[in-house]
Every structure is written in structure tokens, then in C-alpha cells.
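Listed after this line are the structures, all set down as C-alpha cells.
Next come two complexes built around chain A: one with chain B, the other with chain C.
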Partner chain A sequence: MGNWERLVWNQRGVLLQGLMVTVEVCLIAFVLAVLGGLALCLVRMYMRPLKPLAVLLTEFFRATPIFVQLMWVTYVWPEIFGWPNSFFTAGWVALGLQSSGYLAETFRAGIEAVPRGHREAGYSVGMSPVLVFGRIVLPQSLLTVAPSIVNQFTVIVKSSTLVSVITVQDLMFQALKLVNVWYEPIEILTATAGIYIGFIFLVSTAGKMLADMLRQRYGLAAA
Partner chain B sequence: MDAIPAIRVVDIRKSFGTLEVLRGVSFDVHRGNVVSMIGASGSGKSTLLRCINRLETPSAGEVYIDGEPMGAVEGRDRPLSEINRMRRDLGMVFQQFNLWPHMTVLGNVIEAPIRVLGMSRKAAAALGEECLARVYLSEKAREYPARLSGGQQQRVAIARALAMRPKAMLFDEPTSSLDPELTDEVLTVMRELAKAGTTMIVVTHEMGFARDVSHRVLFLHNGQIEEEGSPAQVFGNPKSDRCRQFLSKHLQ
Partner chain C sequence: MFWEYRLVLLRGLAFNAYVFLAAAAVALSVGLIAALLRINRAWPFRWIGTLHVEVFRNAPDYIMVVWVHFVLPLLLGAAIGRRIEFHPFVSAVIALGFVYSGYFAETFRAGIQSIPLGHIEAGRSCGMSEFLILRRVVLPQVVRRMLPEAINQFVSLFKATTIVSLIAVPDLMYQVSMVIQQEMKPLPLYTSAALTYFAVIYVVAGLVRLLSERWRNRIYA
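For the complex of A and B:
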């Protein structure tokens, strides 16, 4: 037990600091992923001329390994676009872009899951296509996919451990640093895994509760 | 009878690819009248109803609402925004209810009065309560549709259509997806609407309703009106063999 106290409990400040960075990077990436995914999905479904571009981007984000994407955004983008100018930014951009590809497909599934009759009911009371989309299709599909969106956050958290490679000082980075100082990986890495499990468990439990609530209140099954 | 019918359907045709679903259908619905459309599945009843409020665009023919052509304006195709405006005048009730699950019962009813007619929330809520009272669901106003039985959902759908104060109501097999014990509550509401002088077109398999409530009954077969007349005439003394066969199957 001595090792646990010395290596983990006494280092909790460092680990906690790392966890905060992890949370921060994941939250920003999540916002980017939701907005980017929604944008990709809407362009793909409703802006015919730009559809090939949206499909290309979606597939590109989905098909590239997150590690490759991280390296690409960190080392190639600054050469081409002169941005991002920090490893932290590069980290959330890469994480966010990859998830935006997945979420674009999730949103599309949600929109396609809205029964045609619900739109027809809107048209038959005189609503315009824009009103029908904004008031009926979009809110209903957002509710339907909300649990899936929450689950995508857990994917971001898991992928986020890779940003330690580009020296973003997240939980994984701090854990590896401690390992390198003490050469005692067992307790430190086990504790780190435990923290990730706990965090992801909290998020996915929230997702499940949300799905239950949506089913009971609105009768919506998760897409 | 007034000179201009509330709804005049003139030679409506509709094809899906090579399949001709409607082969020239014409009839009038006068104000305050109830017209029932009966016929076997696939006879074109629902398609005809959907052509009337243009959820389907007819391949040919025209529908006039109070004398105003639905599909054309000054000889040109009527733009979608204009069709939307005219659709307000036709309340539609679907077989599958199609309530919006993310809105409360009252929210479903007052959505279009607020967003389409520009009513204030307060005025719309008063109107909504009034419409819900007509379908005996005042106490369900704050519930979400998922909590309601099928019959209750369908009555909310009727209230939602009524809230636009339409010139006519179109019912597309409104009780076909309901358990038998729930059809009566919907039919009762529809009978009361008819008694109050609502102009209605009802696609139905409820022969009792068609016989008791309608002013006219149309029997559709193969995309055409095979038989039409008063309920007494169509149910009591049908001229066409097909209609007689159909009725003998449905009037056990």
C-alpha cells in the first residue's frame, strides 16, 4: 500500500491537473465536433452543389487514424495554413474533426429517422419547408441522437490520451511523466486507467439516463 | 346548394412511374357536406385525398378550393409558398396521427396558429384549449403525445387541424390503425364535427360511419369512381357489381 500512497495519492495534485487539461481539451473538441458534424450533415443533405465536398470531408475525418490526423494537424497545418499555433489547439482541432465526421453521420441518421408523416403534418397545416425543418425535423432528430452524441464524447476522451504525444499536458502526459520520474509504472498507470474508467462511466451513465428520459417522455428510441 | 362548391375535384389523374393510380376522378363537395370515400386497398382513395391538399402533385387535373385553383394561378404553376397558404384551408388527419413527439399536446395544436398565422402565444393557447375541448382532451393539454392512447392521439390530431379553422377537413383512414375499442371515441368526435356543419372528406373502412354521417358516398375502384350517390342508394341499392361485392364483404 505504501507505493500507492507515495506514487498516486501524494501525486494527486499533478494527476488532477492533468485531468483538468483532459476535460478542457475534450470539451472544446466536443463543441467543435457537434457544430462541425451538424454543418457537414446539413450541407450534405440540403446543399446539393456542396454535397461532394461534405461527403469527402466526412469520409476523410472518419477514415484517417486519429494519430495520423493529430500529426497532420500539428505539423502540416501550420506549414500550409499558418495555424494552429499551439499544441493544445492542434489537439482539440484533430479530436474535434475526427468526431465531427462520425457525428455528421449520426445527425443524418437522426434526420432520416423522422417519419415522413411528421413533415407532411407540418405541410398540411401550412408550414413552409424551412419551418417544418426548424420546428419539427431538427428538434426531433437532435433529441433522438442526443444519447449517441453523449457517447461520442467518451470516444473523444479515449482518443484524447494521444495528445500527450504532442506534449499537451493532459492526464496521460502527467502519468507518463510520473512513471519516468519513479520508474514504477504499476500503480501509476493502473490508477490512471481507473480515473479514465471512472470519467467515461460517468459520461456514459449520463447518456443512458438521457436516453431513458427521452424514451419515457417523448417515446423516442435512440437512433 | 351554393353555386361554388367548397371543394371541386376535376379529372384528377396520378401516376407513379408506369402505375396509374388515379384515372380521372371528378366530384364536388358542397359546404357543410360530408363525403365518404370507400373502396378496397389500392383503389386510390388515399392518393386522391393527398392530391387534394397536394401532398402529392396530381399528374393532371385540378382541385378548386372555394373556386380557387390549387395547382395554378393565372395560368402558371402555383409556387410552393402559395400552395402552403392554400393548404391551411384544408385540415388533414392521417392514419398514423403524426403528432410531433417533442411538443406537448397543446404545443402540437398551437404550433401552426403561432408560426403560420402569426397569432400571439396567448391567443393561440386560448384557441388551442377551445379545440382540445371539442375533442374532449382539455385535461391532456400539458402531456406529451407518447403518454396518450392511439384514440387520444388521433383526437389531438383532429384538434390540431381544427386550430387552423380550415374550410374543410380531410380524413385519411383516421381509425384504421386504432384498436377496435378506441375507434368509437374518434368516430364520435367526427360525427359531432359533421353535425356542426364541417365540410369533410373521409376515406374510411367504417361503413357504419359512412352510411350514417355522409351526404354522399363515393366507391372507388381502380382509380376511378365506380359508384356514387347518397348513402341509401350506394349501400341499399348499388348499381355496380364490384361495389356490391365490396359491400357484401364489409357489411358482414
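For the complex of A and C:
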């Protein structure tokens, strides 16, 4: 066990620092993904003239591999848009865009699952379309798709290992750096894999529990 | 620019396809075994199957690829007392195959458990062996039921093959970065790489979905 202590336990500060960066990238990417997904989905469903654009973007984000998108955002966007100006930003932008494509489809399924009568009931008591959407359609569809949203967050965490390639100092980056310092990959990489598996397992279990709790409280237990 | 290097890049895309096919074969066979373990009546088997699924479904592809490439040869080498090294292609196939076997195991399990028990009992009452029931009664129905879900997973697997460039399997992404290092022009190359992947995945996945729907409707309706 001496090796484990020397290579993993004594390096815990660095590894934890990496994990913090991973969490940070994932959270920012997740917020971007939810907002972007919602925007894409709303444009697709309610803004007729812009629909083809939204469909194209959604399909492009969904059908290109995350690694390709990451490289594209990191090295091509600065040339075209002059932004993102740091690798960290490029990392969360790429992760967020990919997931926003998936979430757009998820939200669409959720919104379409809300029965028409609920909307009509809202209109018949004189609510405005915005109010109907915000008070009736959105809350119900969010509850319906809550498990998929949690699932998408774990996908973001898994893909976030790739931002180490563009030198964002996440857990993967720190682990590979330690391997290059010590030339002893067994303990470091096994521990890193264990941390990732444990972390994602925890996140998905906690997320599922939260989603179930919310659904039960607001009366979607049967779904 | 992209056109100039088309031969190298096409060869890279072919490598993506090889990795994909080999990893898909591994994922399907290991996934089926894991699914059968998971629904086994004996609890030790059930635990092994569950552990397999939980570990591989929660593991990021990239760390598994790196782990299989750098750690597994050392462990195996220590076990048999000889230094061994994996070819990057082999590591890529093992890692991606095992990661996706976790997802496929769940798909298989859902498919198998959706088959009514009566079908299996009918097979037993005709005197079929358990293996024959699996092959003749259960699996043909499972394959049809799980196809739409499985196609999504094949798409993810194909997308995941792009990360094998990081352990120097000469796939499309690897060739693209090599050319970029020579030419120093990321804009046209990365953009066309993204568009190529998009076109390939979108068209092939759409076609396969269409064919599978037709096939399902013809036999299974």
C-alpha cells in the first residue's frame, strides 16, 4: 500500500483541485446547456421563420462527436468570432453546446407531452400565452423530463474528461501530469478512474432521487 | 485544403469504422453476457452483472481508454511475469467495447424482461433447452424490440471512436491534427472534419433507422 499512499494520498491536494475544476466546468456547461436547449426548442416550436435554423443547429450539435466540437470551438471560433479567449471558456462552451442539442429534443418531447386541454383551460380563464407557458406548460414538462436532464448532466461530466486535452486543469489533466512526473500509472490512473466512476454514480443517484421526490410532491408519481 | 489531403483523411475515417466495428462486436457480446448474469437467479451472478453495468455505465470513455492503454498491460504483465504492451488499436477496442457493453447490457436486459414469461414457459413445455429457448424464442424478439435504442448507442459509440486519436490510433481526427501541425490552418480543417463527421453520422444513422423501422414493421407488426 506504500505506493498508493505516495502516489495518490499524498497528491490528494492536486487531485481535489482538479476535481473542483471538473465540477466548475460541468456546472457552467450544464447551465448553458439548459438555457441553450430551452432556447433552441422554443425557437423550433414557436418561431416559424427561424425553425430551419434551430433544427439545423440541434442536429449539428447532436450528430458531431464532442471531441471534434471541442477542437472546433477551441481553434476555429477564435479565428471567426474572436472568442472564446481562454481554454477554460472553450471547454464549457463546447460541452454546453453539445448537450444543448440533446436537451432541446428532450424539452420538445416534454412540452409535447403536456395535454392540449391544459393549455386551453389556461386561455379560457384569460391567461396570456406567456403566462400559460410559464405557469402551466413549462413546470409540467420540466417534471416529465427531469430524469433525462439528470442523465444529460452525467454525460457532461463524462465528456468533461476531454477538456484536459486543451490543457484545462481538470482531474484528468492533473492525473496525466502526475503520471508523467512519476512514470507509475497503475495507482494514479486506477484511483482517477475510481474517483470519476464514484462521482458520476453519486451524481446520478442523487439526481434521480431528487427528480423522483419532485415528481412525487407535484403529483407525477405515476410517470 | 481538405480536398488536397482527402486520401489520408479517408484512410483515417476508415480507421474510425474499424474501431467502431470491432468495439461494437465486443460491446454486444460482453453486454449480452452481462445482461444474462444480471437476470440470473443466483445472487453471485446477479451481483457481478450489476457491478459490471454500474462500473462501465458510469465511467468516462477517455479515462477508460487511457487506463486500458497504460495500466492494463502492466497488470497483465505482472500476472504472467512478462512485459507486454498493447497496440493502441487493441486498447481502443477493449476500452470502448467494455464501456459500451455496460449500456448494451441494460438495453438487452430491458428487452429480455419485456418478453412475456408465457413464451419461455411455452418453450419449456415443448421440451426445449434453456439455451435453445434463448436463441429461438427470446433473442429474436429482443433484437427487434431493442433496435431503436441500440441504434442510438451505436451512434454514441461511433462518436466516441474520435477520442482514440488521443492514444495515437490514426483515425480521422488524428490525421486532421497531423495535417494542422504541418499547415497551421485549423479553420478549414477542423471545420471540414466536423462537417464530415456530421454528414457521415447523420446520413448513416438516418438510413439505418429507416431500414430497421421497415424491417421491424414487416416481421414484427
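We take it that the second predicted complex is superposed on the first by the 218 of 223 C-alpha atoms of A that agree within 3 Å, B and C clash if a C-alpha of one lies under 4 Å from a C-alpha of the other, contacts with A are read in each partner's own complex, and residues count from 1 in each chain.
Keep this in mind: contacts are C-beta pairs under 8 Å (C-beta built on N, C-alpha and C of every residue); 3 or more make two chains touch, one makes a residue touch a chain.
This is a predicted model, so every value here is computed, not measured.
Participant: With both complexes superposed on chain A, which partner does A:G126 reach: first (chain B), second (chain C), both or neither?
Facilitator: The first partner, chain B, only.
Participant: With the two complexes superposed on chain A, say which partner A:V157 touches: chain B (first), chain C (second), both, or neither.
Facilitator: Second partner only.
Participant: Pick one for A:Y46: touches chain B only (first), chain C only (second), both, or neither.
Facilitator: The answer is neither, since A:Y46 touches no partner chain.
Participant: For A:R217, is the partner it touches chain B (first), chain C (second), both, or none of the two (neither)?
Facilitator: It touches chain B, and chain C stays clear.
Participant: Kindly classify A:R135 by the partners it touches after superposition: chain B alone (first), chain C alone (second), both, or neither?
Facilitator: Only chain B; A:R135 stays clear of chain C.
Participant: If you stack the two complexes on chain A, which partner ends up touching A:W83: first (chain B), second (chain C), both, or neither?
Facilitator: neither
Participant: Have a look at where A:P115 lands relative to chain B and chain C in the superposition and call it first, second, both or neither.
Facilitator: A:P115: touches chain B, not chain C.
Participant: Of the two partners chain B and chain C, which one touches more residues belonging to chain A?
Facilitator: Here the partner covering more residues of chain A is C.
Participant: Looking at the overlay, what does A:W9 touch: chain B (first), chain C (second), both, or neither?
Facilitator: In the superposition, A:W9 contacts neither chain B nor chain C.
Participant: Which residues of chain A are in contact with chain B in one complex and with chain C in the other?
Facilitator: none
Participant: Where on chain C does chain A make contact in their complex?
Facilitator: 54-55, 58-64, 66-67, 70-71, 74-75, 155, 158-163, 165-166, 173, 177, 180, 186-187, 190-191, 193-194, 197-198, 201-202, 205
Participant: Help me check something: in the complex, which residues belonging to chain A touch chain C?
Facilitator: 59-60, 63-69, 71-72, 75-76, 79-80, 154, 157-162, 164-165, 172, 176, 179, 185-186, 189-190, 192-193, 196-197, 200-201, 204
Participant: Note which residues of chain A are touching chain B in the complex, please.
Facilitator: By the definition above, chain A touches chain B via 115, 117-118, 120-129, 131, 135-136, 139-140, 143, 216-220.
Participant: Could you pull out which chain B residues touch chain A in their complex?
Facilitator: 53, 55, 80-81, 84-85, 87-88, 90-92, 94, 96, 98-102, 111-112, 115-116, 144-146, 157, 160-161, 163-164
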